[in-house]
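All chains are identified by letter, namely A, B, C and D, in their written order; residue positions are counted from 1 within each chain.
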């Protein structure tokens, strides 16, 4: 049976959307069944619409379904992708996470393989801290953390964040970036397959 | 000139409200000027009103003003108090923090003395991780972190969390608990006084 | 084939030795092949011998082999147990970890299932931070983090640290403590079995 | 009275030695009294001498005094600089820290202003995690954490690590790097001056 993977991303201007798409493509190529889901926006519409780039990104994602708790129940593995907000995940993502209490208390988040990616405005802008903070949350769920470490040479070319792929806002998604994302999600799928067996 | 202290708390059932009140009283006794502020609720009214204990707490806080970014601009020192949500601050608090970009980019959060407290359902339920995660955010602001460490004997009696006072939900606020909170906020005010001189 | 588990502990006065023994017994009961190993002491003999309790503990461990890098190469899964030193693992453990560069660069630490336990003098004395700090290191190795989360009711009775079992120095190893340790190691073995399949 | 600053660094091949020297020069220019100290090597002489580059660095530091606990007692402020070892400080530094129990229990590490810098082989190689892990330790001491945040434009040019300056091994110490280090230490001295007043 193919691994069921939920890719959940939050984005304001599109960086993490792009990262999620690259992961989606690489995961599908492994034969995994994938749900690509956007985290619901919680900022007031007036704020979003007041910024052209933000509004445009919302429109670009119009056809992507919003993440729901049942997606996490359905999946064998989760890949989260979100920018930093002062060294932590954005409140939109935390708001979604805060709705997972009922699933958690039934043990339905336990034993899932999980991995995370992030981005920041600066090279060292909180990417490590953001991913590690998400992993702390996943440990509460009883999830199994599957990070890339240095398990492939491409990671040394893409900045070498062993916790998860890290993007610097505005940088190109070159071959190393795409390769690092693809490696991370393939590794996640492989481990999820073993864990679900 | 007295230190200006903003005490900002988020609570669902009242634990962190009580912690904030104890801190408020101890801070005023030092002569500090205090703004006690609740973090705005972002959960839908239908969810809040569907739980008696949550709704009752909202009513108990009706007279407390909501925290606004300008409170952080005004203050010399910040004390945050919030429960854990899977090892991180609640999304309500993160939503407030995410509105601080404009203040941050003007450097108005820099050089403030800051400290944090937390609570969880379990004794080791993420209190350390939640406080440390908030401190990571405050480092982005250029705030000065003033934690209690083990700078007073009362800390050994109250559980000894050197990062900030930690409560276990449902436990009494006994003398050690009140003493630890009072010590933490007095220490914060003292350091803020020096930093603002 | 049985899972090969390395239990590696550092102790000064015996707390983490006891934790490791409880884990050892529970792991063997699952059929796992276990190597119980002490982390080598690096403090000068004059310091160790100057403290009766420390010296006595060294004698109690005389028959336990010291951990070597090849134990990590051999094993499918690792369980680490060590007290906190100001919110991080003790230097003895870090010294052992720092010798693992050659194994790491050959990828021999990757894909292993790993879990950790800790203890401190105080209830909230850095146990969470110490375990999370070790997990950060294991992510560099490409290890797979298997923490208890809240996957068994016994965890709520034993203090509820979702990152790994946490002991307060001097407390008894009661049924809840032993149960929490046993659950953590059994879960680790179970996941390691799947990952090694 | 001038601020008394202890700059404590550990290095294998010289990167953090260079960082410490840049900080030393910038600190002296403020009028601070500085003790530049190397952390004692704990690796066996046979290992050190077996690597030409390591041995050469040891010789280059022959005239620098080793850090002793009393340097921390003497100083008003501490700047630590050390490379990452799998996302944490090197065992040499942790070994020094582990000797500080007696000073800590007398409260002599409390109220000191402290900051940290790090380096890694990769761009995202654990620099954030290493500095944050050190700050966790300093919170145990009751130290006051003074990180750069984004309090100067130079930080955006030097990689923008708000927790402390981060170097990628082998990169040049260009104007932005030197400026970021100088800003961090000047800010530390300024805050220490206020705290010691």
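What we mean here is this: contacts are C-beta pairs under 8 Å (C-beta built on N, C-alpha and C of every residue); 3 or more make two chains touch, one makes a residue touch a chain.
Since we're looking at a predicted model, the values are computed, not measured.
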B-C compared against A-C, more contacting pairs: A-C
Separation of chain A from chain C, taking each centre as the mean of its C-alpha atoms, in whole Å: 30
Chain B and chain C: spacing of chain centres that average the CA atoms, whole Å: 34
Where chain B touches two or more other chains at once, by residue number: 87, 104, 126, 129, 132, 136, 139-141, 162-163
Overall pattern in which the protein chains touch one another (line/ring/star/complete/other): complete
Contacting residues of chain B [partner chain D, same complex]: 104, 107, 110-111, 132, 135-136, 139-151, 162-163, 191, 194-195, 197
Sites on chain D touched by chain A in the complex: 87, 120-129, 132, 156, 159-163, 166
In the complex, chain C residues that touch chain D: 42, 85-91, 94-95, 97-98, 100, 104, 126, 129, 133, 136-137, 139-141
